[in-house]
């Protein structure tokens, strides 16, 4: 049983690691603020989710699980807020995103 | 009424976090929760926005769907980053929700799925930035919009 | 040899950090930067203390059930807890002074400020002009 | 920044849980990391978040400055008071053993009160500092 | 296993640090610091498991909280020019 | 009740101003906040007198805070050495508080008066805590309390003159660097020995001869404290801080602040490190002695060329601190006793001079520079008279307190190192007459415009008391001398 | 154990690079962001060195509140730092000398993490034992903080209080300054 859980954790960590590293690469590679936000979003969502899932496999049901879930919920709650506000502010400061615009831009 | 609900939510949270169930700690917990509710009430934070309970019955369903979406878009964002095929685009969509809370949930859901970010909100028009036209199309199909409207449950 | 070098290598980096902080305090003329430097300096000193308190294979000094756990030394932690708060108090006071200096002098560069001071000082001493001006306003 | 509904609503939702978490840290300092300082800062950060999003005037309305000043001193008074009480009961300053029926319970009571005093002072000082800094008006003298 | 996770976090941290130091606009830096915060939150949790004392997750929560409030504060500064205004 | 008081006297002395400061901040009324401050400083003074009597009986009081035995808990040590700065600080602060009543509302915004009094008490409490504590880290905490409070007090002078802000800023930064250096030193020593208690530290470093970390730790500690004590090359914050602070604050700081740090230096040199004689002897001979000599002359010469009177007095303080450290540097029992005598006498002399100068400033409503003083001696006879007496005392004329300290200092230096030190001391004293004469001449000889209408008696209470003390301790110095010799005895015992 | 060292080395290197970036930069906002990052990494470092309480405090106080205070103050200050004309030779020299002394003395310091070092043998065991027996609290740091060295903590509370009062006295009444400030001056004019 423990072995299976360990394997699950391993898989989760692997995916999580991949997604944070790719996210960080994206943070460097992508051309402007707006596209980098997507990469940051990958770290915030994919990375956190998988890591926390992996850790939950290790703890089973205990108080620690509650705290892990709280961390996860908190990050999932605040990550879009900060991303949105950053993007919003960048737009307010008249930084125009690259690429094509479809429809009327606010 | 709402204060009471908040109180119960908070006390549940306390009990879950605490792990020490002596009389002293629990009574301190009750005091703390009461204090929190008092402050929140003073700050006029307990209303439909501060305590959006009306969509809780349908929340689980929505969250499962959202997670699926997040996974999918994570995968495709990773692909885009590795391939380097970035063709960002900006467009506007119209949100069909009534309340601010639901609009915020919609906007946040857009942002949460990597590949799309809400950059501006003006009443019910959102400006969305997408990494790729695929992501853009996902938003433009309004699937998410419909889901959130359903989650809101007013209509 | 290698292990002993590694054993004290951590100290060296901590000392380097300290000196960078100290350099920012005494080498820079910007009042805000000096406070930043002070914060860096103090944080590095905290690291020194905590490094002292570490025991290899030890765990945080919070008791758990098992008997033969080695706990790291709690005393440096307590001292540093105190010192961190003292540091923030210093930072806050320094910042408030910088704010006041900026609104009185219109600059937070040491060179500008001391130049203005020098003029004021001589005015006061030689003619009392500056003082009379101030009181007439 | 309360024009932005996303920020406004998340603040409204997060405010009470953050304070609760602060108080949790305050009262669980005996069992895990945490205690008065950290708790004070977390509680203060909740108020700071409120002031950031709804403006400092709203923050001052939520937590009036004169109450702030009183609580600021009260924390220290609580801390010193515990010590003075133990002195009056016939022990040294801050010797908690005498406060309870057994030395251990005395220590528990003492530590709880003392940490409470610390938390009170730290949170109020932090809020006061934020209000003082953020509400500072640049007045050109000349 | 936890060590592997930690190493991944470390690599990510370095990459993000590069972005912080390179960062063209301030928004890039804010974004990167925010992401660094998230990575560190993961790292703290992992380190707890790694050193087999996983009960210190409170720190991770505080970290996430401070990260959020800090980012909001920076953004507020940029949008209104001071932390005090109520625009 | 009295039992409890007597038993807890060491902590009550510190606690009295500390706790009162928490209440004072809540009182918006100017008079009542002043009254409460005066009450608490008076009580502090009373308690320190009581403590003095206790010390005469027990000679060494160790007070374990929280009832934890010393190396585990924090210890308060009061012995015949510590009582000297305690009496100085509590006494002078009481006088300064009385003096502050009229002056303070004039120089500081009325709205912040209660906060200023609170800071005032905190500064006093910090200094007292600094002196009484027997724990190296607790010392740092109280050092910070006193320095943050004094920085804020200095900065309050900005209402009168904006330069106070820069002075306060420099004071803060330099002080914080000093305190951090001290913390590094304590950290190194702690890393070597595992204890923070000073007495325990003394025992545990005994067998650590020539340990490099020990030497470095000692160096950092002493440099950190020397910054606070304004020993010569590290004194740059002092003149400005004293000159631009509100008048009452300059009195308080000039008379007390550096004394506590000087006492700590003595403690570090002769008590904590008493077992590493080599290190101490080398430090005394090659570092402190030259620096003190430099300080004596540099301070005096700076004072001669200075035209702002408060700054002039501050530079003279640097020189006087030089005398005290010189006395420590000679390192015999007699010289250390002379150092303590001068510490006491300098407190009352500088207190008196600053009170006189600031009350002049209070009347002429502008900064006290040499040009502004002309003819004021005739208009303000009482102030002028007291000022002259205090100056004579500073210069070391017979029948004044200053004479006693110079006498013992010279005696000690002759008996140890030969005549040349004594000659240097005499030359520097003679030079100090130059700047004092300059002031007196301007005040009495020159004509000036009439400004002052009537002298206000409330300000003079402190001035007259302190001048009286100057004369009294010049005539009958047995109290001070005996106390100082007891202190020196306690510090270096039978070693030399 | 080598992995612990590696983690430490990694974090320390990051801190070093942040510190160097701090020296280079002249933009105030970047300085503030870097300081915050420095504090955060320091907090992580504290965790790896087993100081969880300190990490907690550093993360909340050092990184959180200081950064917010810096930001709040920054709003009213010039946004860039001027290049100074005066030479930086003496500061650099004195820093190098001090650092040299420290490194010189580090060879006599006990090696990191050795259980036999005096620091771990002398007083600390009493705390670990006493926390269970005398006080009955699992968190040793709390019991030392609040009871064994409770007086330090009292002093620290007072330091925070001092800073609060000082800042209030310095900054609070800038809004009404103009009116208040003119009063005493008029009085002075009358007297003079």
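Order of writing sets the labels: A, B, C, D, E, F and G. Residues in every chain begin at 1.
One rule holds in what follows: contacts are C-beta pairs under 8 Å (C-beta built on N, C-alpha and C of every residue); 3 or more make two chains touch, one makes a residue touch a chain.
None of these values were measured; they are calculated from a predicted model.
Chemist: What chains, if any, are shared contacts of subunit B and subunit G?
Modeler: For subunit B paired with subunit G, the chains in contact with each are D, in label order.
Chemist: Determine the shortest chain-contact distance, in steps, between subunit A and subunit C.
Modeler: Graph distance in the chain contact network comes out at 2.
Chemist: C-F versus A-D: which has more C-beta pairs touching?
Modeler: Of the two interfaces, A-D and C-F, more C-beta pairs touch across C-F.
Chemist: When the C-alpha atoms of subunit B and subunit C are each averaged to a single point, how far apart are the two points in Å?
Modeler: One centre to the other, that is 41 Å.
Chemist: List the centre-to-centre spacing of subunit A and subunit B in whole Å, with centres computed as mean CA coordinates.
Modeler: 15
Chemist: When the C-alpha atoms of subunit D and subunit F are each averaged to a single point, how far apart are the two points in Å?
Modeler: 35
Chemist: Quick one: subunit C and subunit G, Cα centre-to-centre, how many Å?
Modeler: The answer is 6 Å.
Chemist: Residues touching two or more other chains, restricted to subunit E: which are they?
Modeler: Only 30, 51, 55-56, 58-59, 61-62, 65-66, 69, 72-73, 75, 79, 82-84 qualify.
Chemist: Quick one: which residues in subunit F touch 2 or more of the other chains?
Modeler: 18, 22, 25, 65-66, 137, 141, 144, 148, 151-152, 155, 162, 184, 190-191, 196, 365
Chemist: Could you check subunit D for residues that touch two or more other chains and list them?
Modeler: Each of 4, 6-7, 10, 13, 21, 31-34, 37-38, 42, 45, 48, 58, 69, 72-73, 76, 80, 83, 93-94, 96, 122, 129-130, 132-136, 138-139, 141 in subunit D touches at least two other chains.
Chemist: Would you tell me which residues of subunit E are touching subunit A in their complex?
Modeler: Residue list for subunit E touching subunit A: 1-2, 4-5, 8-9, 11-12, 15-16, 18-19, 22, 25, 27-28, 30-32, 34-35, 38-39, 41-42, 45-46, 49, 54-55, 57-58, 60-61, 64-65, 67-68, 71-72, 75, 78-79.
Chemist: If you look only at subunit D, which of its residues touch subunit A in the complex?
Modeler: 4, 6-7, 10, 13-14
Chemist: Which residues of subunit F touch subunit C in their complex?
Modeler: Interface residues on subunit F, with respect to subunit C: 137, 140-141, 144, 148, 151-152, 155, 158, 162-163, 165-166, 168-169, 172-173, 176-177, 180, 183-184, 187, 190-191, 196, 307-308, 365-367, 369-372.
Chemist: State the interface residues of subunit G toward subunit C in the complex, per the touch definition above.
Modeler: 1, 4-5, 8-9, 12-13, 15-16, 19-20, 22-23, 28, 31-32, 35, 38-39, 42, 45-46, 49-54, 57-58, 61-62, 65-66, 69-70, 73-74, 76-78, 81-82, 84-86, 88, 91-92, 94-96, 98-99, 102-103, 106-107, 109-115, 119-120, 123-124, 127-128, 131-132, 138-141, 144-145, 149, 152-153, 155-156, 159-160, 162-163, 166-167, 170-171, 174, 185, 188-189, 192
Chemist: Which residues of subunit D touch subunit B in their complex?
Modeler: Going by the criterion above, the answer is residues 4-6, 8-10, 12-13, 15-17, 19-21, 23-24, 27-28, 31, 50, 58, 62.
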